[in-house]
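For reference, the structures are reproduced in the following blocks.
In the two complexes that follow, chain A is the common piece, with chain B as its partner first and chain C second.
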Partner chain A sequence: MDDAAALQSIQATTRYTSEEMRAWVARRRWALAGIIYTIMIAAAIVFVGPLLFSALSSLKTNPLEYPPGLNIPQLYPSNWIAAARLGRLGGGNPLLGGFKPGARIPFRITYFVPEDVSAELPEVIVPRRRPGAGLGAVMKIDYAADYAHVSPVMEAERAPSAISIDGERVRGEYITYSFTVSYPGEGPPIDRVPVDITSSPGVIYVSSTLTASRIERLGRVASYDNLAPGFFGYVFRNYVRVFKEARSVSTGKSLFFSWTLNSGLYAIARIITNLLFATMAGYALARFNFRGKTFIFMLVLFSQMVPGQVTFISNYLVIRDGIFGLTRLFGVRSLLNSLWGVIIGGAGSSAMIEASKVFIMKQFFESIPREVEEAAMIDGTTQLQRYWRVVFPMARPALGAVTILTFQGAWNDFFWPLVVLTSPEDIKTLPIGLLSFRQTYGAAGDWGLILSGAILSAIPVIIIFFVFQKYFLEGVSFGGSKK
Partner chain B sequence: MKVKSRETIAALMFLAPFLIILGIFFVYACVRAVIFSFTDYNLFNTPRWVGLANYTALFREANFLRALRNSILYSIIVTTIQTIGALIIASILNAKLKGLNLFRSAYYMPSIASSVVITLIFLWMYQRRGLFNYLATQLLRYAPIILIFLGFTLVIQTVLVLYERLRGFPAKWFDPALLVTSILLSAAGTFVVSILGLVSLREVPPVDFIWLQTKQQIPSRPEFLAMPIPLIAIMIQNIFTTIPTFMLIFLAALKDVPISYYEAASLDGATAIQKFFHITVPAVQPVLFLVVALGMIGTLQMFDQVAIFGNAVPLESVITLAYFVYNRMFPGAQLPEVGLASAAAIFLALFTLTLVVLQRTIIKSEVK
Partner chain C sequence: MKKLVKMLTAVLLVTLIALPLFAGGKQEKQTAPASVETASKKEVQIRIMGYGGQDPAVVVRLLDEVIGEGLEKEGIKLSYEPLEGDYNAALFNALSAGTAADIFYIPVETAPGIIATGKVLPLNGLVDTSPFIDSLVEAYTFNGKIYGIAKDFNTLALHYNKDLFDKAGVAYPDENDNWDTLREKIGKLAGIGDNIYGISLPADYARFGAFAFAAGWKPFDEKGNTNLLDPKFKTAVEYYTGMVREGIAVQPSDLGQGWTGGAFATEQVGIAVEGAWILGFLRNEAPNIQYGTTFMPVGPSGERGNFLYTVAYGINTDSPNREAAVKVLEALTSEEAQQFVLEQGLAIPSRKALVDNPFLKKGTPEAEANRVVFEGSRMGFVYGYQFGKVGTDWFRPINSALATIMTGEKDIDTALKQAQSEIEALIERAK
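Now for the complex of A and B:
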């Protein structure tokens, strides 16, 4: 690096020994490395920070809380244990909780009562509350309010103490109350037991068996979304909601589950068609000499530059009319709102056989010497057979890149599925499903659900990225280094 | 001749599936778009030839002109910043230090998630009580301390550099060892000053900058430069997600530069900045065209973010050419204007191609 130059210039002017000069230069090298690493870490925070922070915030009851802190009750082990225990007591299920006949959920809540305030017993109610707005709101559900019985609230403990409020020392006492929510008699199993605990004015909420979901009305009401949430129901509350609350109006099936399935099928179909046909096309362009080869190659390049907005108009019509009526042979009139339409009808980066993948394969086949495959050729077979038995298996590294890049492209594809899939909700793929999440829950400010859905949908690509990093990074720099 | 024709048949056999798909969904689609653009087709009528009427109508549409302006501003600013940013990060990452590959993967994270995921996360951060406004608030609160810290660093660094020079060492103004010392000393100094109560946090109300539901523009004039704030929000997001991809392309190009170039330059006394402009930039020149072209194609065709922001922002402030086309094809309750949409799409394609070709000649002549 700079060492040699620095040493030279010191030697010309200095009165120091060479030992001292070396140390001087070495210090600079270490410091420079330190500075570079610091810059790198800062940049990493910038690039990974938003994803990480939103993943953590998606655990919060309200991800829009202000100030947006990282003090998240869902991350305390004490709450994990409490949530699992309450879930077992409520519905016999420590993971997902619930409220079943015969349940008895004991609960304690502690307040600080300043000296000059007279505390009355807090009031405990099980409200009739819908689980959020939107797609889930039309479902018929059973309310815990209709079946739950709340025992009279009792004072359990009392301990004199003092706390400081705004820097001022306030004397008073901690009072703990206890009560039990039970499910007497017979009835349906219920998902959630929301509870509101209202205290007298002036007392301060300190803690409870499970940390309150939110504190309302100037600290008077401690509100719980679910008194028997279970571990997942508490820590991954919004994630459980993503699956449970967003349901298809007609079939009642989980929308998010359908979307994931559709995205998976779409990605698999695209991977198969690209592996089969893009490789064949790439091979032909790399190995055969024929008239029109240059023209086809120019078309391959050109088709990657034309925006999807040019082609989608005609493609939409072609898909709407069942590909010139061909689909009538299978008894289908139109491919709109069907996964087949999305798979077959795309162009550019949504195409069933992508030009960019043909290009990658062409480059790859050109990079391996012709002799290698000629030596392995078997006589007396057709060209196609030889291709499948000899050439295709040799192309494994490039096939890896094509698979990974196609998966990523299909999983994240937005524009073309948006054109083809409009209704019903459960025919959509993940990205456009998330868009309808945003439209449904965004206005209500219910960001917990939106963020959880977004994070969940990103997890498969992120996992695949870390496992097959090499292919991703090579695939991206492929075009760059070859041109 | 016989061999030749047999090879052609084999080639066509291999190419057949690809050519059929390309033929129907690309070539035929393009031809149809061109034809539609000269008709008044609306999905339900028999198309009538109207000549260039759609193209002239475009330039009388307020929304189209707005989309055109938004797209151009967006493309120029985002392409410029992300190209420069990616190049700078790539040249730092190119240092031969251990563990930098780990960072390379971390930086790539925003580029692998879908545009929907990233846009939703940014939409959340752009809320009025979101992360961006919170960070701005914190910055204002800590401003006095940050300024004191920077001031201390500046003074200490100056003193140290002058002292080293007096002692006969060739210390540069940004000498790394001295810089680390100054930063540490300055941090300690700032800590002491704030403990003594000589400087304290400012009392500021939470910043309430409206990123989304606003028609305000920055700068407010001149009109052709005024960018709607929601468009700036999308710009920030797009720069964030695209820098990593371009960085990887630059990095691949930089790997081919022998380290001896940099060493030779150091011996001749070149500064880091001189090395950047005289070695790094020429080294990436062959891929510079590719990166700028990809950047321009991507930004001119920006659609996803507009569709996902949707009713969270005023449409006219973020509408782009690509969204204009979609909007006219599927206008909700009204009749689709297929002719007009096609004309806008053809315009977008020609515009993109022209700019890509233009920038290729410019970049070439600049370097030679």
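Now for the complex of A and C:
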């Protein structure tokens, strides 16, 4: 029954006018839409909210800020420009900053000085400060304090004004001071220039060329992690730290970069083997008739039900001994702590061929009409050609689904790599690396670095999901129903 | 067909070529010392299992800069295997599977359980333990046998915010303070503002225990039982929770912080009871905070109380290379190694002689804090952070009792009675 018919039938039995009825139906329609949209938005917030929140927190100097605020200096365009300019002046690099010989960094800071407070010139120092925790604390570094020179602090401007503090109007003046941090003479390039500006008690920090990283000692000290951070170094400070600070002690290479590379190689290897083997197995199960076919298919399905934890010990032993000593042919005693061990030795959902992928491919091949292959057969093709030249290219949607699902599985695979890859640090994959981050930095309350690492590691999956959404859904429908 | 065969051959070939390439790094490492080996003795491989995180990097630097050369002369090659995640669970697995390394970390809190497996070699007669701090050796001595040499350690100390004390016009806490004078200072400090607290105290045995020890309470009697109804224990509970109930102390969680150090960095609390691990955190999160460090206050027993938090190196009884393992253990805990770790600001050494190290007498707040924590190990009643065979479940009843008393949910007697019955059940089960 459509709306008009419904209206008429209701009108016939009640005393409402058609106008009122129409308005009521319209209201109901809008209310329904409203309810559905509210539910969908609420669900979206519940699922995406934590991700967005941690993305925002990862930008903060103190991600544990409580109560959490949204007033993040890293999001002000004025700071972006200042950070890039200071980075260019300090290290000749507007993106990543730094501190190189010959650098001159002019800086201004403004305080509000209430009438009853006498302000002295603030004291500016470049402290000898190293990272307090994590791998940065273990590394040998050069200190900016050993090379930097701070010019005498000068008063630049003075303007009378009044501000309100706790609802009370306080008279006083804005005073701006200026100074320059320079790098005279020769020396090594240095990553960061921490600066502490200490003023007299009672004055209030208002602004500076670059917003201070933190205000300490009840307002007396404006502290900067890096006076010449560059755009990325300021806005994405924790992200830059992920790459710069977390390095292998023995080789000096960025750990996060190695981990990403390992995860990438692992994912690609898994995709290639799964595409090749799962299509072959799926094709055989879909097209050939042989004794025990159903049994084999059942076996494949059954293997999906065995959790990886059941088989991992035997797999571990096989990998440890180099596949019964076979790898000794290549001069390798054991496949532990090698990517090959992770790729070859996996079982269940970290294997070179996964049961669920075989299932997807079998279902898809069964949906391709036999007539296609029969036509090819008349043209004189062999069995292998029919598989490789005819059916394989036709299976593109299913191949897409297998690729996506395998990539996601491999990228997030945790258990098996955790067992196989223990040392050195740079052999690990991303999820295992993030665990080691948690141990290194979480213990010291340095969550910014962990958050940024986690978000960086999620990006490839998010991108792939958006680009290949269609295949994700198809993967589900291939697995579930037979066309 | 031909194409496919070609492709498969290509894939196979690539695999064959790439396999040794991938393993290339490993292979080189194995052959490089082999050339040295011909010149000296047979090469011995010693594996160490320890924490993940920072430790692998520290070991690499120790090897490169301090002990590597000496070990190489002996023909010993070290490999460090970090156990990420839950170290104790992973170690117990490795011990029962027979895959544990020659040397492994023994955390003090789970030492009784690890030693009970019988897989830890007694070191009596193998290693000279006299240069190490007595209480540390004691924490690893069971039935007269010494099972581990402490790698480094920590104790608790009072870290105070000088700015807040100056603002309140109260004298800084010092080593002469006892419970009453400290409480007075805390009370005065809390009086300077609504959001300012004298001290931050968590509902956690890891901090509270030190106060209970100062009252003269012992965690275990000769029979291995725990008595929480001991009047000495109750005195400590009254003192500790009383300050929170009164509002002069605050739980870190009430300031949105996970631990006392985080609360201290907000500059809203005057005192934090923590070990030297707070230093690295402050260097990152509150680099300009003006702090001082002093000893724990003297309790009603007339003595201070303190915990020893430590990790020791132990040797696997199943190690095929015991002699080499002992040599490695000695190198890792040698004076040079410990001095290096101390001077890098990474940990506090377990050797008595290092108390005179100039690094501890530099007079900077960090050096001072390290010195206080170091000397805290031999002042008053100092016990290892250890819970018999019960393991870390043991202190759960105490923590929940502290929490319910602090929030006012239960009075002290009811809460302690309940905790006592729970802890008895735990001990009974472990026996």
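For this structure, a couple of remarks:
The criterion applied here is as follows: the second predicted complex is superposed on the first by the 453 of 483 C-alpha atoms of A that agree within 3 Å, B and C clash if a C-alpha of one lies under 4 Å from a C-alpha of the other, contacts with A are read in each partner's own complex, and residues count from 1 in each chain.
Please note the rule applied: contacts are C-beta pairs under 8 Å (C-beta built on N, C-alpha and C of every residue); 3 or more make two chains touch, one makes a residue touch a chain.
Computed from a predicted structure; not experimentally measured.
When both complexes are superposed on chain A, chain B and chain C clash. By the touch criterion defined above, A:Gln439 reaches both chain B and chain C. Of the two partner chains placed by the overlay, only chain B lies in contact with A:Gly345; chain C stays clear of it. In the superposition on chain A, contact of A:Ile296 is made with chain B only, not with chain C. Applying the stated contact rule after C-alpha superposition, one finds that A:Leu399 touches neither chain B nor chain C. Judged by the touch definition given at the top, the superposed model places A:Arg130 against chain C, while chain B stays out of reach.
With both structures placed on the common chain, the touch criterion links A:Ile175 to neither chain B nor chain C. When the two structures are aligned on the shared chain, A:Leu418 is found in touch with chain B and with chain C. After superposition on the shared chain, chain A has more residues touched by B, the comparison being chain B against chain C.
By the document's definition of touching, neither partner reaches A:Ile109: not chain B, not chain C. In the superposition on chain A, A:Pro67 makes contact with both chain B and chain C. The superposed model places chain C right into chain B at 333-341; the other stretches listed in 27-35, 117-125, 333-341 or 351-359 stay free of clashes. Shared interface residues of chain A, touching chain B in one complex and chain C in the other, are 64, 66-67, 384, 418, 432, 435, 439, 443. By the touch rule above, chain C contacts chain A in their complex via residues 1, 3-4, 19-20, 22-23, 26-27, 30, 51-54, 56-58, 60-61, 64, 79-85, 163, 167, 255-259, 261-262, 267, 277, 279-290, 344-346. Touching chain C in their complex are the following residues of chain A: 62, 64, 66-67, 127, 129-135, 137-139, 194, 196, 198, 214, 216-218, 220-221, 223, 249-250, 327, 330-333, 335, 337-340, 382, 384-385, 388, 418, 422-425, 432, 435-436, 439-440, 443-446. The touching residues of chain A, counted against chain B in their complex, run 1-6, 8-10, 13-16, 24, 27-28, 30-37, 39-40, 43-44, 46-48, 50-51, 53-54, 57, 63-64, 66-68, 276-278, 280-281, 283-285, 288-291, 293, 296, 299, 303, 305-318, 323, 345-348, 351-353, 355, 358, 383-384, 387, 408, 411-412, 414-415, 418-419, 430-432, 434-435, 438-439, 442-443, 447, 450-451, 454-455, 457-458, 461-462, 465-466, 469, 472-473, 476-477, 479-481, 483. Against chain A, in their complex, chain B makes its touches with residues 4, 7-8, 10-15, 17-19, 21-22, 24-30, 32-33, 36, 89, 92-93, 95, 97, 99-100, 103-110, 112-117, 120-125, 127, 129-131, 134, 168-170, 175-177, 179-180, 206, 240, 243-245, 248-253, 256, 262-263, 266-269, 286-287, 290-291, 297, 300-301, 303-304, 307-308, 310-312, 321-322, 325-326, 329-330, 338, 341-342, 344-346, 348-349, 352-353, 356.
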